[in-house]
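Each chain carries a letter (A, B, C and D) given by its place in the written order, and its residues are counted from 1.
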Amino acid sequence: MYDFEFVKPSTVADAVAALADEDAMALGGGQTLIPTMKQRLASPSKLVSLAGIADLQGVTTGGGSVSVGGATTHATVAAEAGAYPALAALAGDIGDPAVRNRGTIGGSVANNDPSADYPAAALASGATIRTDRREIAADDFFQGMFETALEDGEIITAVDFPIPEAANYQKFKQPASRFALVGVMVAKYPDGVRVAVTGASENGVFRWKEAETALTKDFRTDALMDLDINPLNMISDLHGTGEYRAHLVKVLTKRAVATC
Amino acid sequence: MPKDHGIGASPKRREDVRFLTGNGQYTDDINIHGQSHVHFLRSDVAHGTIRSIDTSAAEAMPGVIRIFTSADFEGVGGVPCGWQVTDRFGEPMQEPKHPILAEGKVRYVGEIIVAVVAETLEQARDAAEAVVVDIDELPAVIDMKAALEDGATKVHDDLPGNLCFDWGFVEENRDAVDAAIKGAAHVTTLELRNNRLIANPMEPRVAIGDYNASNEEHTLYTTSQNPHVIRLLMGAFVLGIPEHKLRVVAPDVGGGFGTKIFHYAEEAFCTFAAKAVNRPVKWTSTRAEAFISDAHGRDHVTRIELALDKDGKFLAVRTDTYANMGAYLSTFAPSVPTWLHGTLMAGNYTTPLVYVNVKAVFTNTVPVDAYRGAGRPEATFQLERVIDKAARELGIDPIELRRRNFIKPDQFPYATPVALEYDTGNYDATMDKLVEIADIRGFGKRKAESAERGKLRGLGINCYIEACGIAPSNLVGQLGARAGLYESATVRVNATGSISVFTGSHSHGQGHETTFPQVVAEMLGIDESQVDIVHGDTSKIPMGMGTYGSRSIAVGGSAMVRATEKIIAKAKKIAAHLMEAGEEDVEFADGTFTVAGTDKSVAWGDVTLAAYVPHNYPLEDLEPGLEETAFYDPANFTYPAGAYACEVEVDPETGKVDVMSMTAVDDFGNVINPMIVDGQVHGGLAQGIGQALLEACVYDDDGQLLSGSYMDYAMPRADDLPSFTVDHSCQTPCTHNPLGVKGCGEAGAIGSPPSLVNAVVDALSEAGVTHIDMPLSPSRVWSAIQAAR
Amino acid sequence: MDLKGSRTIAADRMTVWRALNDAEILKAAIPGCKEMTGNADDGFEATVTQKIGPVKATFKGVVTLSDVIEGESYRISGEGKGGPAGYARGGANVRLDETDGVTTLSYEVDAKVGGKLASLGARLIDGVAKKLADQFFENFQNAVAPRSDDEAPDDDDTGREPEKKKGLIKKMFS
Amino acid sequence: MPTVSMTVNGKTVSGEVEGRTLLSQFLREGLSLTGTHIGCDTAQCGACTVHVDGVAVKSCNMLALEADGAEVRTIEGMANPDGSLGVIQAAFQEHHGLQCGFCTPGMVMAAADLLAANSAPSEAEIRAHLDGNICRCTGYHNIVKSIQAAAAQLG
C-alpha cells in the first residue's frame, strides 16, 4: 500500500471539507477499498473515515420507510431493518460475517460494484439516496458499472427505503467471490412492482422493466413465462456466459416472486 | 473398547496447544534482527525477450540496499529437476535451464525478472515500480496440442520444440493393446481434462536467508515439506554450498499439499542475497504472488479407451495424455504424469493389457508439479470415469461391473501389467462396506424425495488404488529419480529414559508429533509423554527425504521402528548385564526387562541410566549411551485402496450441484491414530470435491492467469461441503513394512472426484449428458443440460 | 473481447479522416487521456488515467496508427503500462464510408490486459473495454460533429444506455 | 507519525503507525502477536480474524488507526487466565478441528463470534457462519464438530 493521511472527522461538514482535496477518498468499511489499495491499485493521498460520524449511523423506521444511515454496517441493517425483512435478509447475506461487521451501505452504494447486493435493493425499492447536499432517486443514482450520480467529495448520509407490501431478494452466488453471479430483488408496492437485477449486466444494476409490467398486472410467476432477457450486454466471464446469466435472471425473478 | 494409548489409539494432538493459542511459529513469524526485505518484480507477460533492464532510478530510491538481476547470478546453477524421464525411444527428456532470475527471456506470468532488496518491504515495492524493463513480447504458447504443432512458437529456443518427452508405458505392450482394442466386443472412449489446480495451502510461502560471515554458515528458513531435500538441491546444484555450511529450517508449516515439496527460486535467492548484502533477507509471498509462483497441479488432457468382452471383462486400456509441464521443469514434475500416473492405470482390476502414452509439453504457464495425489488422481479419474461410462453403455450396474473385474483376495501378491506388485488388498470387502454404510440400496427412495423438490439426484461410485511411499531407491533410481527415497530416524534415549526422536518426515498438519510417539512408546512400553519428536531442521536430523506421497508413516515410521528395534537390542544387552543374565534370556515388555522364567527384572529407566552412568556396565563389550539411527528404504510401494460413493442433487434450472453425501471406505492397512487418519481423509475429500466442483486455474490465450485470487479461484468453504462418512475398518496390512501401514494422506483427493462426477452424470443421464469436464460449475452443468437437449 | 460497431457522423469522409489523424481530437477522445505528444506518422506518447470503481491506474504508453489507407481506414492501437496494475492494450480497426455527405465510421475493437488487471479483474475486463471503446467513439463523434438528442438510440433490455452521459460529454466538447 | 492506542487482550497498548498500517500488521509486527495470520490479500481467507469491540473483523482489512480506542481480542487472548485452553480451543483439540494450524486462530475467533450471538447453532448455521474462513486441511468436518461441542459445553 502507498501511504496516505488518515482522518476521522466527527461531523459530515468536517468530512466534506476533508474530502475537498483532490486525491482524498471517503472510507466506509473499507472492505473493497483497502484490498484494492493493498494491491497498489489505488493511491489516495488521504482517507476520510466516516465511521466516527454519529449522524451517519443506524437504522430508523417510520413513515412507511426504513432509513439507513450511510455508515451503517451490513450487520446492523441485518439486525435492525426488521420492518423491511427482505432488506434485512439481503444485508445479512452480503459477504461473510466479518465483512458484514465492517462494510457499510454507503460504501456499497457509492461503489456501485456491478455484482453488489445493495444497489439491487435500492433500485428495486425506489429508494432515495440522501447526501450531504441533495436527495437522489435510485433511478437517477445508478449510472452504470461503478458509476453513480455522486459528485467528487459527496457523501451518502442515508438511504431511505419505502417499505413494500412484499419483497424478496434471490442471490445466486459466484462460487469463488460469493458476490452475486446474478441477484434479483423483487419489490411489490401499491403502485406497481419493481424488479432490479445485479451481477448480470456489464452496465451494472438495472431494472427489468418488462418483468415489472407483467408482474404489476399479475403478481404470479406465470406472468414471467413468456419473458426473456437479452443476453447481449450481460457479463461473460469464467463463471458464466451472458446466456447463462440472462437465464438466471429469469429463474431468480420467478423464485423471488414465488418466495414473496 | 478402543485403546487409550499406543498404536490404534486417538490421543489428542500435542501440537494443537501451540496452534490454538497463537504460539505456533511459522516462518513469517520469524524476524531476524537487521533483516532486509525483498520484493520480486515479476513478469506480467507470458512470453517475451528482455531487451533491457534499467535499475538506475530504482537504485536511488529510499531504503534500497541492492537490486539484483540475472547478471548477478552468473556461475550460479539453475533450479534443478529431480527426476529424469526417458522417452519411449530411449532418449532423455528435454531439460531446459531454470534460472533463478529470468535470463534473456520471460516464459510465464509470474517469473522473477528483478529482485529489489530494501530496508522495508514497502520501500522495496516502491523501488520495483521504478525499475524499467523493456520486453519484446512474443506469442504465448498456452494450449498443449497447439504447442506441439509444426511451427509453434518455442518456449525454449535452445530445445527442438515444446515436447519435453513422449513416454510410452509399457512400450512393449503397445501393439498388443491396439490389437485387443480392435478385436473387442465393446470399446468405451472418453475424452476429458483433469483441471489445472493451485494447491493453496493457507500459509503462503516464505523464505528468510541468513548468513554468518564469521563461520561462513548459511541458514535458510523456509516453508518446506522437506528441508533436507532443499538443502541437497540448493546446496549442491544451485549455490554450491557444502551441506555442513548450509542449514535449512522448516518450522511450523501451514499446509503443503505438494506445492511445498519443491525447491523454489525464491529460496535460493534469499540464501544467495543474504551473503551478498550481508544482511538477513526475508520474502513473504502475498496470496496474489502465490497464484503465479507456487507450482500448479494436474492439467492433463486425456483420451482413454477401455475394451471389454461381451461379459464386461476388461481386456485392455489405452490412454493418451497431454501433460502440462509449464514453462520449466519443477522439482518432481516429470515423475507425476509418468511413474505416478501410468503405473496406476490397472486400478483395482485384472485388466491384462495396458498402454499409457504421455506427451509432456512446455507452455508459457507456471511450472506444474505434484499436488495432493500427484498423477494418481489423474489415473483414477480417467479410469473410473471410463468404467462408469462403459457400465452405462452396456447396461451393467457400475458396482457389478467393477466387481467382475476386481483382483480377488486370493490373487495377491498381484503383478499388474504396468509394473507394480500389489501386496495385499480386498476390494470386494471395501465395496461391501461401501454398499452398507452409504446405503446404496436406499438411493431410489432418496432420489424420489429429491424429485419432489424439483432436484435431480445422482449416485456415483468409484474405486481407487494408489501407490504410496515410492520405493525402493535402487528401483526409482532406474526410473529416473535423482534422489533416494528412504527415510531416516534417530532415537535418542536420554539418561532418565525420556526420548527424542529425530525424523526426516516433516509435519505440516499431519500430526507426526502425536502419531510417531504412539509407535515408539508402544514398542518400548513407556508413556507417550516421554517421547518427543524433532523435525524440520537439517542441523538436528541426520538426513531426511521429507513428507509427501503419503509416505511418512510407511517410510518415516518404519525407520523409527528400525531405530527403536536397535535401541531395544542394545538395552537388552545392558539389562542382561545388570541382571547378570544371558542376553538371550532377557525379555522386554511394558517397559520392563525380565529374565525369562525368573522374577528378576529391571526397569526401563534403570537401563537408560546405566547407559549414561556406566558404573556397572559392560564397557569392554558395549559403548555407553543409548542412541540409534536407522535408514529405512522400503522394499515396495504400499497400496491403499478403497471404494467411494457420492450423492448429489442438481438444480436443473441453475445447474447448481449440491453434494448431499460423500462416503469413503479406505483400506489403509493398520492404522496408528484413527482420529488423525479420519482427518486426513476429510481433508483429501474436501480437496477432491474442490477439484470436481469448484476449483479451476484458468489462463487466457495470452497466458494471463484469470483466476488469480480467491475472487475467481473457488476454494471449498464450509457450506460447499457436507459432513463426511469415512471408514477404514477394512484392513489388509501391508506385508513389507514393520507397521503394516499403507498411508492415508492423499486417498480422499484421489478417490472423490470420479464419484462426484459419476454422480452428476448419473443425475443428468436421463437428459442425455454423458460427460462434463471438471469443475462442475453451475454454468457448465447448465450448459451441458442445454447441449444435451 | 471483440466488439463491432458503427457511428454515423454528419460530416464528409475527409473531415472525419482528418479528425482521426488529429492529435488534439484523439487526445480528447481517448477516455482519461491526460497527456499526448507526438504525431500521426511517428506515433504518440500518451498518459492515460483510468478509474474503475475503487481502482485508479495511470498508464504510460504509446498510441500508434498503422495499416493506413488514406481517407479510408486504419488501425489505431494503444499500449500502456500501469505499474503495479499491469498493462492494458487495445486497438480498433476503423473504416470510413460516405454517403450523401454523411460518413459511417465502422470499427472493430480488441482489448487485452495483463498482470493484476487480468488476474484480479477477470469479470470486469470485457465490460470495461466495451465501455471505454464506446466512450472513445462517442467522444470522437461529438468532437467532430455533435448529434442532436433525438438521434439517441433506444434503451436496450438491460435498462442502461451507454449514451447516458452524453450530456456531460457534449458539454465538454461542444 | 500518528499514534494509535487500543486495548488488546485486556492490556492497553499504543504505538506509532503509518496511515497505511493494517491492524494485522500492528498486531503482528508492533505487538509480536503473531497468532493472527495473513493468508490472503482479498479479505477472503479469514486467517486474520480478530474481535474489535466484540465483533469479528478481518484485521488485514482494517487500518490500525481505525481501531484507535477499540477493544481488540486476538487468539492470544482466548485461553483461560491460568493458561489452559478455553472451551472453544479445547473443543478444537478434542475433536481434531485443526491440522496445520494456520487458519485455526481465525476459525476460533469466528467460532467465538458465532457462539456469542447464537448459543445453539445448527450445522447449517455453523457452516454459513464460516463463510469467510477458509481451511485447506480439515474439510471443515471436524471444525463443525468442534464448534457444536463447544456450543453444547457453553450451553
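Going forward, contacts are C-beta pairs under 8 Å (C-beta built on N, C-alpha and C of every residue); 3 or more make two chains touch, one makes a residue touch a chain.
What you are looking at is a predicted structure, and each value in this text was computed from that prediction instead of being measured.
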Quiz item: Higher C-beta contact count, A-C or B-D?
Solution: B-D
Practice problem: Report the inter-chain centroid distance for chain A and chain D in whole angstrom, where each centroid is the mean of the CA atoms. | Solution: 28
Quiz prompt | Centre distance in Å when chain A and chain B are each reduced to the mean of their C-alpha atoms | solution = 43
Practice problem: Would you pick out the residues of chain A that each touch at least 2 other chains? | Solution: 1, 3, 37, 39-40, 177, 237-239
Quiz item: Where does chain D touch two or more other chains at once, residue-wise?
Solution: 20, 41-42, 44, 131, 133
Exercise. Would you please write down the residue numbers of chain B that are in contact with two or more other chains?
Key: 122, 125, 129, 288, 698, 706-707, 709-712, 715
Quiz item: Mind giving me all the chain pairs that touch?
Solution: A-B, A-C, A-D, B-C, B-D
Quiz item: For chain A, which residues count as touching chain B in their complex?
Solution: 1, 3, 39-40, 172, 175-177, 179, 181, 237-241, 244, 247-248, 251
Quiz item: In their shared complex, at which residues does chain A touch chain D?
Solution: 1-6, 8, 27, 30-31, 34-35, 37-39, 47, 49, 51, 75, 95-99, 101-102, 177-178
Self-check item: Complex interface listing, chain C residues touching chain B
Solution: 83-84, 86-87, 112-116, 118-120, 122-123
Self-check item: In the complex, chain C residues that touch chain A
Solution: 52-57, 83-85, 116, 120, 122-128, 130-131, 156-160, 162, 164-165
Practice problem: Over in the complex, which chain D residues touch chain B? Could you list them? | Solution: 20, 28-29, 33-42, 44-45, 47, 74-76, 78-79, 85, 89, 92-94, 96, 98-105, 108, 123-124, 126-128, 130-131, 133-144
